[in-house]
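Chain IDs A, B, C, D, E and F follow the sequence of writing; residue 1 opens each chain.
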């Protein structure tokens, strides 16, 4: 039996994923600042729109819609394909909306917006950029439990979701107290984890790398791959050991 | 004298375990995300069902039953054997049940469900997937003590139990204050600890490895072994030192 | 499409930046004490004044205006160009102003001053030196949220902003609890991060180095470069691996 | 002058101890899970019973008496020697006893039981397995002070005591605040510390090792020794440096 | 333009400082116990007294005046030069003074004493030995803010100040929460940082080393230098890489 | 000028100390469990008694007087010299004394006892064994301040004092918050620090080593030396680099 897979149409990436991402998965995309998390997620959405007519929602909590569009255009992505297919919900519009009805809590509003968008246009892919901004804005009372239920809800939605975060995929120093492990929730609750990093080739050069840390229901590759980017196109190739 | 052992029927694993797992043990299966903890536990259950007619309960706290079944089917496990022998109790059903009787505490409900299942079908093997999700859902007041008693209770049940967790088998930085060592409880309270990891062979390749850290009453091997997986079958072989 | 870029006119730096800094970005300049953060920001402002007639505001929270001017003059920067173009707002003047009207909160005062300066002279570049001093002076009630909104506001201002900080660009030990990640906000909220460091060439020699960690909307270089300084002039050159 | 020494009758161990353990010492046996702390302590008791007619009390706080006996039998220890000489006090019996008189505090009960056992049978050796379980059960109000006085009391008892713990013999990262050093109390309060570990010989093989870290009043060896175990017999031999 | 520089008259040190310390700077002298912070500061004061007739105040918060004088005499410093030029204010005298007027807060008293000394004798150089003792004695309510303002005040005094501390010049593990970064205030608030250390040349030998980490307004050297001391005379020479 | 020095009469140690310990110093002797802190301090006292007729007080807070005497006799020290010259004040006697007058605080009692001993017999040397036990027993309200004043008081006493502690001489991870640096107080407040360690020569052998980290008013050696012990005699020799 084979789960239905969502492809990236990024050269080499689908092979690493073991054929694509099982439909309906919640996938963490993690990496330090500057590792191109937003651009990779954008490329996934854009390719799915072009190749498979997918409808997407990009929840942009760190930038306004014009700023995100300018950034993606400057990176060489084709905005003529993006505009009709990728709906951008930015933090400004959310706050404007919430201002009119201050009683609706933030997460509740986000869920309703996603549900509405789903009813009207359909929704195949969702990006939440970023988990850190969501932390600030949603003001969770009980972060672990709230995220647990939000991820359950996303999973039930049927859409494939990318949650972008700077939190590392694996704690390098285990902090044993559960009360301090909340950020890690994202990791163990997710169906998949894709890790982006800049690997030092020497003490002056860095190479972009990608690893599929986890992907439930997929026989994915386990190692690190080189991630290349040129004029709006990513590609994933075997990395030479340095 | 020889304790009664539960075999894994996984190639090479029973030799590493020193013949199998002493019946009635509580065994921690620990590993970072993506180390195939769920799949290895599933394989153990499935093999025991096929080879020894064992009855199992899989307490799935991170995924729904259909999601877990789809994942395991996609990995190539034979669902015709699994369905009649492995009972899946998922977080959704538990919450539905608890909703009808909000006064019953979570852990109490879990114990009763396991006891009922034991009376009706018998129960030889239990999986709790995962300790992290249990933490969120059970909302322990005193985690160390509650887990201590839950493990005592599991031990008294007679069934062999696997508790899956991302917590490391050994703290790499000792945190000396007991109030911050709660996660470690799982380790010292357990009868056995099996550690799964992805070992970096170079800066780009990773090898799946397994180590039996502890197994009370068994003369187990102490080193790391390679863990292979292909089309629904695990095997454990000596690892070459890299 | 190409975003409008603000150039540094520092030898070699604009190539590393991928042509300059996208106009309106909030850029973190990070480095330990003694890495010449203030001097590099000053050079950027001075060059922009000389080459493009840019108007700048330097918010000096660690030193008085005379002290900063003496320091920059001693480093060999041309104060005849700096004085008419770089307006220095120092902590003393702010406190004098706030003393007359103790009800205005600190951040509010800073925003108004920047807005007033913008209306009167125009404002193309802003430096906040430093985030650590801002922390002490502004006495944030909710630092993460307040910085989030301050950065949003800076972004909306149209001016390109440099925020100087000693906080590292990437946590070397991930602290997973969000309540302890506040300093990192600066990182994920910023559009760009420039990292300055002293790299040990041996156990006695240090080389000044610069890395563009992140720059939204720019195809910047990812490695480390040598940063040279002589008589008021910086230059950026490829670093030899040591 | 020579202190009276308690011998282990384990091949090679008494030489490493500098002749044995000074009678009446409180000795910490420390090691991560799976390092055979319980088995080594058991061997010490069993040998002392066989060779010197010693009477022992094993306070088993992690396992029931049958479970501990099964484990030790499965390891190949001679239970015919053990049963009349090693009295096992398990957590179940303690809790049953305490249930009848809920007013007696836990530690008080433990002390009385040990004293009673001493009066009736005599008592030469005591094992507390483990300090971690004692932490959970005794619910210390002031752990440092309570342990300080418990160790003083054990010392006054005349019996030689082994306290098993997973806490490391030496903090690898010093935590300077005394309020976080409580676990370390065990170390500095003890008269002796024996450290068991699994030493990685390569990235796949592990060797059991033993080090006498501290032994008041004994001119013990200071290095690491190999610890071998076969069919119920330990031996200690020089370890080859790997 | 050249800032007025205060020279150390220590062989080789002024070249490393880029000509001396800009007059009026607050300079942190940091190093672990035993790195000769007090002696180096004392040598600076003594040389300035002899060569330039400078007047100095040494605030000795860890030792009494006789103890400090005995120590410096034993190190071979010429007390005939020191006595008329270096005024020692020790913790005993401060406490005696404060005892008579318990209402004056500690920091306020320290400021007034320094101001009075300035009016009567003039004051060119101040040493605060040490920041750690100041922490204990001053009982700051808000340490970050109080130190911020104390350093501002010192800067306004016109005297060049040395603040001795064991706190490291750069955190090796970044602690991101600003509430835990208070000790670091000293670093970012200071105009200069001089780091003293004992560098292990092998696993048995240590070499004294000095690095000017930061010096505002000076084109100082950036590497490590050997620090030699013999019969009351320091010298600074290039360190051979080990 | 030369400070009056207290000699150790231990082969090689006085040369490393730069002639001995300046009379009246408070010296921290620091080392992990098993590094022979107590024995080295005892040897210092015993040699001073034999060679210079010194009177000493050994405050034994971890062991009773008989236990300490037995331990030292077993190590080969000459108890005929020790008994009349080294007065042992043990925790039992202190508690008996305090029991009769529960209002006297602990530290106050310790000071009075030391003062009384000084008046009656004279007192040249004091050992406090250990700082950790003192922490537990004295129940400091404000540890930093209380220790600060206790050390000041010891310094004023005229006797040379050794304070034994397991706290490391230098934090390997700087903890920046002053509220967590209390243990370190011992370090910066002391006039001298002597560090004992077991240095791994290979992964199986350990060598005893000693380093004088700090000694105010003495031109001490800075490196590590081998510490040998045989039949009640220590010696200090150059260590070969391993």
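For this structure, a couple of remarks:
In this section, a contact is a pair of C-beta atoms (placed from the backbone, for glycine too) under 8 Å apart; a residue touches a chain by one contact, two chains touch by 3 or more.
Because the structure is a prediction, the values reported are computed rather than measured.
Using the contact threshold fixed earlier, the set of chains in contact with both chain B and chain C is A. Each step here moves to a touching chain, and the least such steps from chain B to chain E number 3. Listing every chain that touches chain A and chain C alike gives an empty result.
Chain copies chain D and chain E are related through a rotation whose angle, from the C-alpha fit, is 120° to the nearest 5.
Note: the chain lying farthest from chain F is A, by mean C-alpha position.
In this assembly, the C-alpha centroid of chain E lies 29 Å from the C-alpha centroid of chain F.
Here the spacing of chain A and chain D, counted between their Cα centres, is 51 Å.
Each chain gets one centre point, the mean of its Cα atoms, and the points for chain A and chain F are 59 Å apart. For chain D, the set of residues touching two or more other chains reads 173, 175, 180-181, 184. Round the ring, the chains follow in the order D, F, E, C, A, B when counting starts at chain D and proceeds to chain F. In the complex of the two chains, the chain D residues touching chain B come out as 32-34, 62-64, 67, 70-71, 73-75, 79, 91, 130, 132-133, 135-137, 143, 166-168, 171-173, 175, 179-184, 198, 202-206, 208, 229. If you check the complex, the residues on chain C that touch chain A are 1-3, 22, 144-145, 148, 152, 155, 169-170, 173-178, 180-181, 184-185, 187-190, 193, 199, 209, 212-219, 222-225, 238-242.
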